[in-house]
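Read from first to last, the chains carry the letters A, B, C and D; within each, the first residue is number 1.
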Amino acid sequence: MNNINFDQNKKYDLIALGRAAVDLNANELYTTLEETETFTKYVGGSPANVAIGMARLNKETGFIGRVADDQFGNYVLQYFENEGIDISNMPVDSSGAKTGLTFTEIKSKTESSILMYRNEAVDLKLCTDDINEDYIKNSKALLISGTALSAEPSRQAALLAVEYAVKNNVKVIFDIDYRPYSWKSEAETGIYYTKVAEKSDIIIGSRSEFNYMEKIIKEEDRTDKEVAEHWFSFNSKLVVIKHGKEGSTAYTLEGESYDVKIFPVEMIKSFGGGDAYASAFIYGLLEDWDILDALEFGSASASMLVSAHSCSDAMPTADEIKEFIEEKKKEYGERVVRD
Amino acid sequence: MNNINFDQNKKYDLIALGRAAVDLNANELYTTLEETETFTKYVGGSPANVAIGMARLNKETGFIGRVADDQFGNYVLQYFENEGIDISNMPVDSSGAKTGLTFTEIKSKTESSILMYRNEAVDLKLCTDDINEDYIKNSKALLISGTALSAEPSRQAALLAVEYAVKNNVKVIFDIDYRPYSWKSEAETGIYYTKVAEKSDIIIGSRSEFNYMEKIIKEEDRTDKEVAEHWFSFNSKLVVIKHGKEGSTAYTLEGESYDVKIFPVEMIKSFGGGDAYASAFIYGLLEDWDILDALEFGSASASMLVSAHSCSDAMPTADEIKEFIEEKKKEYGERVVRD
Amino acid sequence: MNNINFDQNKKYDLIALGRAAVDLNANELYTTLEETETFTKYVGGSPANVAIGMARLNKETGFIGRVADDQFGNYVLQYFENEGIDISNMPVDSSGAKTGLTFTEIKSKTESSILMYRNEAVDLKLCTDDINEDYIKNSKALLISGTALSAEPSRQAALLAVEYAVKNNVKVIFDIDYRPYSWKSEAETGIYYTKVAEKSDIIIGSRSEFNYMEKIIKEEDRTDKEVAEHWFSFNSKLVVIKHGKEGSTAYTLEGESYDVKIFPVEMIKSFGGGDAYASAFIYGLLEDWDILDALEFGSASASMLVSAHSCSDAMPTADEIKEFIEEKKKEYGERVVRD
Amino acid sequence: MNNINFDQNKKYDLIALGRAAVDLNANELYTTLEETETFTKYVGGSPANVAIGMARLNKETGFIGRVADDQFGNYVLQYFENEGIDISNMPVDSSGAKTGLTFTEIKSKTESSILMYRNEAVDLKLCTDDINEDYIKNSKALLISGTALSAEPSRQAALLAVEYAVKNNVKVIFDIDYRPYSWKSEAETGIYYTKVAEKSDIIIGSRSEFNYMEKIIKEEDRTDKEVAEHWFSFNSKLVVIKHGKEGSTAYTLEGESYDVKIFPVEMIKSFGGGDAYASAFIYGLLEDWDILDALEFGSASASMLVSAHSCSDAMPTADEIKEFIEEKKKEYGERVVRD
């Protein structure tokens, strides 16, 4: 049992809003992108990964986002449809904008980087005309990816979607998902993050992501707990602050806090873990699990992802996650991530 | 006595944020702009007019806004300085942007229109680096003109200024001031108006201006009172809804409402009345007058303005307004605007 | 008799291509623009002035240029129509672009400056669809104002007009008319000036204007004669190099050169002289006068203009110019401008 | 022996100007791009391919073009350097522009298509400051790829490079290389192609590419010979018109014409043949071969390329081309491509 009262009468479990992009992952590991010869193509983009994660977990999932009028746009739509994600609110853009691309480079076990193609990215063409109140109204939750706020007209479209969610008792989940490109300044980032955070029921981000909002009001030294409490003074009930390899903590409006660590795995890349975490954690909340169980489930899914080649195609089912947790507990003890 | 508790320890009475522009008013009345031969130059732009109005009323007034690096930019700064307005937060822009221009055309006693030059308008170049928390902190009130929200980077600068005001107990006054140019869509207008309105202590606008926000949440048929109450559920204490020649009504958080009509005058133009109204009404609030007295003062100043040639240069002093009210009451009775 | 063989069977004497704008001339002389209180409105813009000059000289004149969809656009069209200029190729632009504005400031007898509004100027929206081969084909000459080359799509429209002129034996007259705004770099200016100059029959400009093209091919120290000869190696027959108060010289393909000085007058502003010069000089050429007579006529018209308040409205008729020359010769001798 | 008198005292044989991009070629043949799972990365872009072709043919080759400040920019520079291409005039761009990408899709033996990423393409950021007269002066020939003209500032940079070439007796080779993206209209294409074609010594293109220029002057029905003659009236000595599978014809200023057909090969893609053709043909001209021999050499290289996986990496050496021709002649007869 947790403190988020999803309206169980709604058709969709989650509608994610933002970018559905293409990842081109280097097939050769431990070399530079300059030297990389071949790439494998996957669907990518944080909210797309979360949506795929939710669908793999058998939740009714929808998506709001623009796709390009070309082969990569088709590819995204086909992939989503195959996963069972509703694509009725994914308009094909005719402006000449292109699907965002991410080329990944895994230089060594500890060093990886990416090369992004985000000029005239199609996802940022999402506009207010694309936002359908009746669609949003039918979902238990709306997930906003922070990157959708990085430029107009996507920014105003996302803000409108949040208005509709608030009005219709759809829980707003803000996955901060900071990406340095697209944003023009840190102040801009902080200002528009703040506008969504103030309306959100659940906020998920790393401490450095929360700090974009802290800087706006010039509060940089607050503890995690103080940061969470700031958002409780608005609309939030649950604030999850992530600390990478140190694990993460969920704070509740009621004053509780819950910690989980990460599962011991052989990581091959640092990408995608956060999206797996988000989808499995939200799954747990939707199932009305205790927060700590949901966190553990998120942590497990994240650990599974960072040891796979893709960010989307490798999203696990609920049974796979459960099996993974069981094995790890057998190996490392029942409280492997719990203290 | 009214329900706005301005912090009387602050240095400035009002800081206005937005455009300081140039009006070029036709000297020939009752002809088209095509036929007009000569124009007289004035400082213009709604928040500039309000600031001039406040200064004429002997209030400590500041301004946040960018001015062009040319003769018209100099003119605005010189004019403000002569009026006693603080210009320390009016950076000179070096991007090649230009002072907004408004050519007025008074076709007949009942028909007037304007020709705006707002392409690359310098006021919309205001950016977050221009927003100084310490400056805002020192003011009893911050006036945001809605036009400052119509484009980036001015939009984010205005939103940041509002954050600083809220944090430092500076009352936020939102003068909706809708202008059709600059905005790309009605949805955009409604979304960003909403973001400021939610944080405002006082909102002033015509009913059609409030409707931009009503449409966002698809509430179009609410009474004025219901509209006001919507904003009381956020941060507002006072909502003033104007109805042109029918007068205006102020609604309070406490559930009261106050009506005033307009004074009988020979109007020569419809421009500028709203800015005079705002400055004189805010003056009354700052003086802690009863709301009805403040409204009457605003209405008087508005009436004086619409019978003058300029919007800024004709702003009256407190004594002039008082004298005007006295005369009108002598002629039309004590309750001339009160029922 | 001169060396330009205009095809006398064509309907129009001259079609000018480029900007038709609005001048707002300070009514108060010898003060700064900051202090100027009133302005008088005139049609302006170099090619518009030349067209008005041609029309006053009773030549069949056309114009290719976009006008704004507002009162100033109407004003330009009405003024042209009243002057007898053909406006059939002046489309009304619907992009929201604005008529260019020039505020003039006459600080003292020797110092004047201007303030230009050229952001999103409507004249630079001229596009290839606006260029009608049949229209150009019907003119003896096409005048290209260099400013039309300063930005796309006007640049390509002007280049296309030149192609049509060359193909149809329409003489190309290039009035360099350099204005610092709009151009992004000196190299850009030189490159596109060069493209028109190579195709022109007649080139008119100050030496500093010719130097934009000299710099491109890194030839900066050539004599005026060498500069002229460079263009004779392309398509030119006549090159006029102006030296302000020192007068001007016309060089011919045949190796002749002709000098004129300026007439002694009391100048009140430095603007507009060049446009009067161009129109009266071209008039003389169209009349098949000797080059020296045409130059004298141009010089006279220029001198008349710089002692008037406007650049367009003051354009003289042929009789007025002749009378002016007669008077000046009576006063200063027959060869007043000839050596 | 041919009619192009290259100045043999110059250091470089050819400097190519334009885009150096990245191709991502589908590894799975005969499937759609949507279904394609993996891609192989190559250097691409027509002028880059020609430069690589020249280098493989052991000619001193340089390149003028901007590269991105990222891994793909590094990759292009490293690849060029390994091939022996001079990269001293390839500035690294810091504007955030990206290397152009081309994803190839080979749907069947007869149907292939591409997906281009050209938004904010780095090659189109080439500017006049990047154009070094001393560099160009040192080359026998300058190759302009038509795509370099598709947008500013690259357009003006290319036009400036042509000016320097003409001034310094560097032969200008115009490889029309039409690509539909980037260009805003057919008129724009025709106008700027014309500006380079008028200055070119050699023009190479398909008939449909020449037609962009024909349309500008509204001459659409001319024979190939008439088209070639039009350009001989400017600066051209050699005009090569290509007809795909029908072969190609070279026309000379002196009135000769030479035909070659294509070699019989199993084609696996239609891309890159033109670039191989250009490099091997220019090689023949530089070697002062008879035009027909140069054409045959070009045709052979083209045939070799279309049966390889890449457009750049597969560029043959002179020995390989000679061997290929020998084999084909053995199999199909000495005049296999000659009538």
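By our rule, contacts are C-beta pairs under 8 Å (C-beta built on N, C-alpha and C of every residue); 3 or more make two chains touch, one makes a residue touch a chain.
These numbers come from a predicted model, not from an experiment.
Spacing of chain A relative to chain C, judged by their CA centroids, is 61 angstrom. With centres set at the average Cα position, the gap from chain A to chain D is 45 Å.
Distance between chain A and chain B, defined via averaged C-alpha coordinates, is recorded as 42 Å. Among the residues of chain B, none is found touching two or more other chains. If each chain is drawn as a node and touching chains are joined, the picture is one closed loop, every chain linked to exactly two others.
Counting only pairs that meet the touch rule, the chains in contact are A-B, A-D, B-C, C-D. Chain D contributes residues 24, 27, 32-34, 36-41, 70-72, 74-75, 78, 96-98, 101, 103, 105, 115, 117, 119-120 to its touches with chain A in the complex. For chain A in complex with chain B, the touching residues are 128-129, 133, 152-153, 156, 159-160, 163, 167, 184-185, 187-188, 191-192, 194-195, 216-218.
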